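Sending over a structure as structure tokens; questions will come in a sec.
Per-chain numbering from 1; labels A, B, C, D, E and F assigned in written order.
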Amino acid sequence: MKKMILQLLLVLSLGTYLCASDGIKENKNQEYKSKSVSELFGSLYESTGLNAFLSPKEGEVSHGVVVSTFNQSGGRLIMMAICFALFYLAIAKGFEPLLLIPIAFGGFLANIPIADIAGPEGFLGILFNMGVSTGLFPLLIFMGVGAMTDFGPLLANPKTALLGGAAQFGIFGTIVGAAFLSQYTGFIDFSLKEAAAIGIIGGADGPTSIFVASRLAPDLLGAIAVAAYSYMALVPIIQPPIMRALTTKEERQIKMEQLREVSKLEKILFPITVMVLCVLLLPDATPLVGALAFGNFVKESGVAKRLSETMENSLINIVTIFLGLSVGSKLASEKFLVPETLGIIVLGLVAFAMGTAGGVIMAKIMNKFSKHKVNPLIGSAGVSAVPMAARVSNKEGMKENPSNMLLMHAMGPNVAGVIGSAVAAGILLSIFK
Amino acid sequence: MEINLIAESVKFLILGMSTVFMFLVLMVFVLELQSKIIMKFFPPKKEEDSTACNSTSELSRNGNLAVVAAIAASLKSYKQSK
Amino acid sequence: MKKMILQLLLVLSLGTYLCASDGIKENKNQEYKSKSVSELFGSLYESTGLNAFLSPKEGEVSHGVVVSTFNQSGGRLIMMAICFALFYLAIAKGFEPLLLIPIAFGGFLANIPIADIAGPEGFLGILFNMGVSTGLFPLLIFMGVGAMTDFGPLLANPKTALLGGAAQFGIFGTIVGAAFLSQYTGFIDFSLKEAAAIGIIGGADGPTSIFVASRLAPDLLGAIAVAAYSYMALVPIIQPPIMRALTTKEERQIKMEQLREVSKLEKILFPITVMVLCVLLLPDATPLVGALAFGNFVKESGVAKRLSETMENSLINIVTIFLGLSVGSKLASEKFLVPETLGIIVLGLVAFAMGTAGGVIMAKIMNKFSKHKVNPLIGSAGVSAVPMAARVSNKEGMKENPSNMLLMHAMGPNVAGVIGSAVAAGILLSIFK
Amino acid sequence: MKKMILQLLLVLSLGTYLCASDGIKENKNQEYKSKSVSELFGSLYESTGLNAFLSPKEGEVSHGVVVSTFNQSGGRLIMMAICFALFYLAIAKGFEPLLLIPIAFGGFLANIPIADIAGPEGFLGILFNMGVSTGLFPLLIFMGVGAMTDFGPLLANPKTALLGGAAQFGIFGTIVGAAFLSQYTGFIDFSLKEAAAIGIIGGADGPTSIFVASRLAPDLLGAIAVAAYSYMALVPIIQPPIMRALTTKEERQIKMEQLREVSKLEKILFPITVMVLCVLLLPDATPLVGALAFGNFVKESGVAKRLSETMENSLINIVTIFLGLSVGSKLASEKFLVPETLGIIVLGLVAFAMGTAGGVIMAKIMNKFSKHKVNPLIGSAGVSAVPMAARVSNKEGMKENPSNMLLMHAMGPNVAGVIGSAVAAGILLSIFK
Amino acid sequence: MEINLIAESVKFLILGMSTVFMFLVLMVFVLELQSKIIMKFFPPKKEEDSTACNSTSELSRNGNLAVVAAIAASLKSYKQSK
Amino acid sequence: MEINLIAESVKFLILGMSTVFMFLVLMVFVLELQSKIIMKFFPPKKEEDSTACNSTSELSRNGNLAVVAAIAASLKSYKQSK
């Protein structure tokens, strides 16, 4: 082996000898200015985070915008504390860890002074421009979601889709709420576009929220995404009181007929049918619905397992990492620590509550007009937050009657809610086009 | 011109909810129609055998044929020993 | 947990209070023009697909070009019908589903009015520019193909490579055919570049066809890719009649000697040897041949299993999804519904037929000059379409003599056909450079 | 099936008929100039690699720079021979094949005349610009490394981190060496930036070296990466003589106490702790340390297995392929066959030797001041080269006393060396910002 | 101005090594402190059961439950035959 | 200048087919030479043991060692019971 290396060196020497004439000595260090050791330590200290926190500079530019001195020091520390709190919630409490961990880590990185990791040349900024600005990442996630979702329960009982429609009241009601806040509070001022982006939190669907927010209100993206995922994780706490308040004990005990079996052909045709409707009525929703339908179609076709398995495994995992980190880059203090964030957090909760109520009330209305009774507890599953909300419906149902399994019935409105939110997203995008 | 945000957003609410419902009602209608057509003209065949097949194919997809073979061999040698 | 959230809100309130002075109220809705409810419904109707199909507008721009009113309405519907037909063929008939499903879905998305999904800002357009315009996707697929291909049968009997050479007659003969159509029909007019891109369909190799077409005739890419994959799926129907017409019963019964074993070292050296020849004779083919050789070299080296397994699994799957969707974006009606497409479909069939004939006749010629007889049925495998064409050879052979297994012998010309087509692609790219 | 295809053709005919009026015949071949057959063969010969090697042209531009006639012919052949030598070392000798095979193949492709595969429009050039210029690829690799690394042994005995610090003497000592060569030899002339990029070879960490070199001295990237990975593979040959020379038999026989168990919580907190320190002291190191910490945090959190498994499998594998090929593109003769390369090869060896010595001597110093004795053989593991250097420590220890297992003790400085190099990288990047 | 490369690089050496050590010494200090705090306030529970679980969960993650079932069945039938 | 498309394309046919054949004939020649050299100077060793190994290594790559262990155990306990 040593001989081999010697030979390699020999060959190299030969090569270098032959072209040594190219190596004209010149002063290559013109940019560099000599410094004494103490100057070096001094300028190293100036580039520490400690110094950046302790002596923020007026007019400092970070991520392409001027950052106030508060946001350079205390603001960043508050943001880091918030990211640590998100880590805690994700790990110890199990809050949507697959997305909150990357988002919070991205947020932590974005608040590091000097490094400018979320700036246009930092790696978070590059990921953001590559996949979030273009809308690519949320759509790829949606493909994977499509490849993982079984629309069977919806096909077995299509009318439960209406519950998934009513739950979209969370979206549009929240827009009104945001407008209200802007009109009547002194310090929060959302534009209509921003209000719409906030409302979409009520869709309880991460990729939809991110897709819409990246188009209508990119600066609020971080807060919207964090709110959406946090409240999705909080669904087991937010929904039950509302569900119980709006239903009677008898209603909660309604038993539903067993779902019929759904044929393979129906499942294959479903994504195409939804797409056709979407093309005819609302082309602006077709990127989102199309991605979902593509994933589901590949899965149900059954002839391209390689692709559907990739979509629901390596592809969605890779994109989740990139998307989470990119979204986190919008948690930089100068973007997050604005009064609007407080509004977003309050409105996000309102959105989930209204969506839940919408679904439950719709179920009660349907029961007035139909002899096939629907247990109103499955109405709350219409907000999406798949499959958490459906599990909550099931759990609440079993509290009243341990033998009443609502899970599969709740999956119908649950997946319909995904489609409903994508349609709502299409409407909002269409309004502001 | 100053815009009345609340008025506008209420309009969005009306537009949005009615469109979402229009979409979903139409979808429910089409799906039920479609289901009836399929049930009538393309009734699903019994697929018990295919599911049995499926679990084997799932094993083989994971490249575990060697394991399956080992199990099979172990079972077989056991049976022979009886 | 509630306490935690309250604290979080508290921290936020503090933060927002501290910088509340930033929130100066201003009119953020300047772009937005108030509309009445009926106006909103009206403009929503105007942005439905229904309206777009029913009242196409003169001068409408889609995907960056002006689209005729026919292509905005009936044209798009025809294309969607074609995409559905492709779905049917892929799922029910098993036509190359791994690529035809993504291509056809991409085509369906590309023909949705208003959404402009295949435009430069739509996600299909972004994927296309990222991976097809740059040539990256087909090369990555070729890496995976390399990592999946065993060149052993070719190494065991190298002279069968000549069959894979003769089958390239499909490529060059078709170029003459395309020129013929352009010269003598009134409504089809291919340039020489386009003729070359069409000819490459005869290579019966998806990535090669896409790579060449994306360079020589990007507007024909959709039709070329669909033709290439469709005819590859039709190989079991197209080839047998030609094979039987050109051979006698005795020829079809020729038994070939068993293939010798090939050593690991030969397999490792093979990709390097091919590369060296390619560098010396035809550097323009080195991107394609290089990608194939890289995948194969990593596989045969045996010391980087992680990488070769990734190339033949997650990487090729992810790229297949992206490539299929991107290629589908060229099935937009304004690009596909041109007289040229009809020519491409006819010429593609001609290309496969000529390639098949070329391979079979070459085998017969070789038998005239060699004492080691070759069964001419394996000649047809020279068109590539790996491994379908080799299976067809095997099946036809077994029809004459059930004990005559030709599969491994046919794999030699089959994989040689891949190299032959890549070389032919290099020649064409070199001519038009 | 035939019927179906006929129908498809029919539909197409209809479509094409309807818009046939679009097809106005025009001369589409204006660019093309007719050539006779012999002219065609002539120009084909001119575009062969044979011709390019035999008759290099003055002023030929490749990869965006003018290439000397030597580098067009003999230079490229020498480079190809070097790449083949690297293949041999990777396959037959097991030298870091996961990276050296892609790098060497990339180098081979980059030296192909005419094809310009490493140029801005070639696929290697595209990959390079996408992932190396932006710094994305080395960071993604680092995420994967983080997800694969167990920092437990370091946490069990934190003071061994100092050994990983002392080994960074390899980096800074080599910078001095590079400056020395520039000052006192006639034909090697490194700028300070280049000296720093070369020094980082002593970090014995591939991604760190590539990240720093791509920022400080992109033209030297190929030589630096090849040197880094080659010497990492040579660690079992380079280190033992130095280790034995600097230690006594008694020292080599020191037995260390068994490592205590480390709790899950410590492991989860570790990446966060390191990040906080890094933010406070050296934000310029946070991209590298952050990527490593992210991967490790996701792994140790235990709640996002999908993501950590993706990072340490498909994602790192895909990126390794791309990174290797991209880095190889800098092995083009005009970039590699310069006198500086010889300097890099010599200095790289010096760097590893100094790092090894630094670690061993530090261990001896620590033993002077502490009653918990450290076996100085684990000091050499501080250079990183995970886990090879730790294995070397173990092997040398067992030579003296077959029952003395040092592996786990050596893993502490080994992983600390990764952090140490990332910190050193941050310092260098900070100096030249 | 001509720069003395060696002088500069020696300065880098001093700056670099002292910063690297400062960082790592601080890290060692914080890690030891942290370890003590954790040991005191969050002592790790015995995790024997969880590790036993783990190896099973690892199997199931690979989707090999069918294989495990097969083995279990084969063992069971063997035992019954005794 | 009007170009005769057919004449041009026939030229391409001649150029293309002859180049493809030249390439492949040369390849056949080199491969046969190479094969002879390899057979003479680097004859392949018998690799039976290595293939046996291989199938095991394939199993272990899939992380199925636990399964293998279970099978082994089941076989062993079976043998002991004889």
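Keep this in mind: contacts are C-beta pairs under 8 Å (C-beta built on N, C-alpha and C of every residue); 3 or more make two chains touch, one makes a residue touch a chain.
Given the structure is predicted, the values throughout are model-derived calculations rather than measurements.
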Both-way neighbours, i.e. chains that touch chain D and touch chain A: C, E
Option in D-E, A-E or D-F whose residue-number contact pairs overlap C-F by over half: D-E
Contact-richer chain pair [A-E vs D-E]: D-E
Angle, in degrees to the nearest 5, of the Cα rotation that carries chain B onto chain F: 120
Chain B and chain D, separation of their C-alpha mean positions in angstrom: 44
Centroid spacing, where centroids are CA-atom means, of chain A and chain B in whole angstrom: 24
Geometric centre distance via CA averages, chain C-chain B, whole Å: 29
Interface hub residues of chain B, defined as touching at least two other chains: 3-5, 8, 12, 15, 19, 62, 64, 67, 71, 74, 78
Two or more partner chains touched - positions in chain A: 29, 32, 40, 44, 192, 281-282, 313-314, 427, 431
List of chain D residues in touch with chain C within their complex: 1-2, 4, 7-9, 11-16, 18-20, 22-23, 25-26, 28-29, 32, 40, 44, 47-50, 52-53, 84, 87, 90-91, 94, 97-98, 101-102, 105, 108-109, 112-115, 117, 121-123, 126-127, 313-314, 317-318, 320-321, 325
Residues of chain C touching chain B in the complex: 27, 29, 32, 34-37, 40-41, 44
Interfacial residue positions of chain F with respect to chain D in the complex: 1-5, 7-8, 11-12, 14-15, 19
Residues on chain A engaged by chain C in the complex (per definition of touch): 68, 70-71, 74-75, 78, 81-82, 85, 88-89, 93, 134-136, 139, 143, 186-194, 237, 268, 272, 275, 279-284, 286-287, 290-291, 294, 297-298, 301-304, 306-307, 309-311, 313-315, 337-342, 345, 427, 430-433
Residues of chain B that touch chain A when the two form their complex: 3-6, 8-10, 12-13, 15-17, 19-28, 30-32, 34-35, 38-39, 42-44, 47, 61
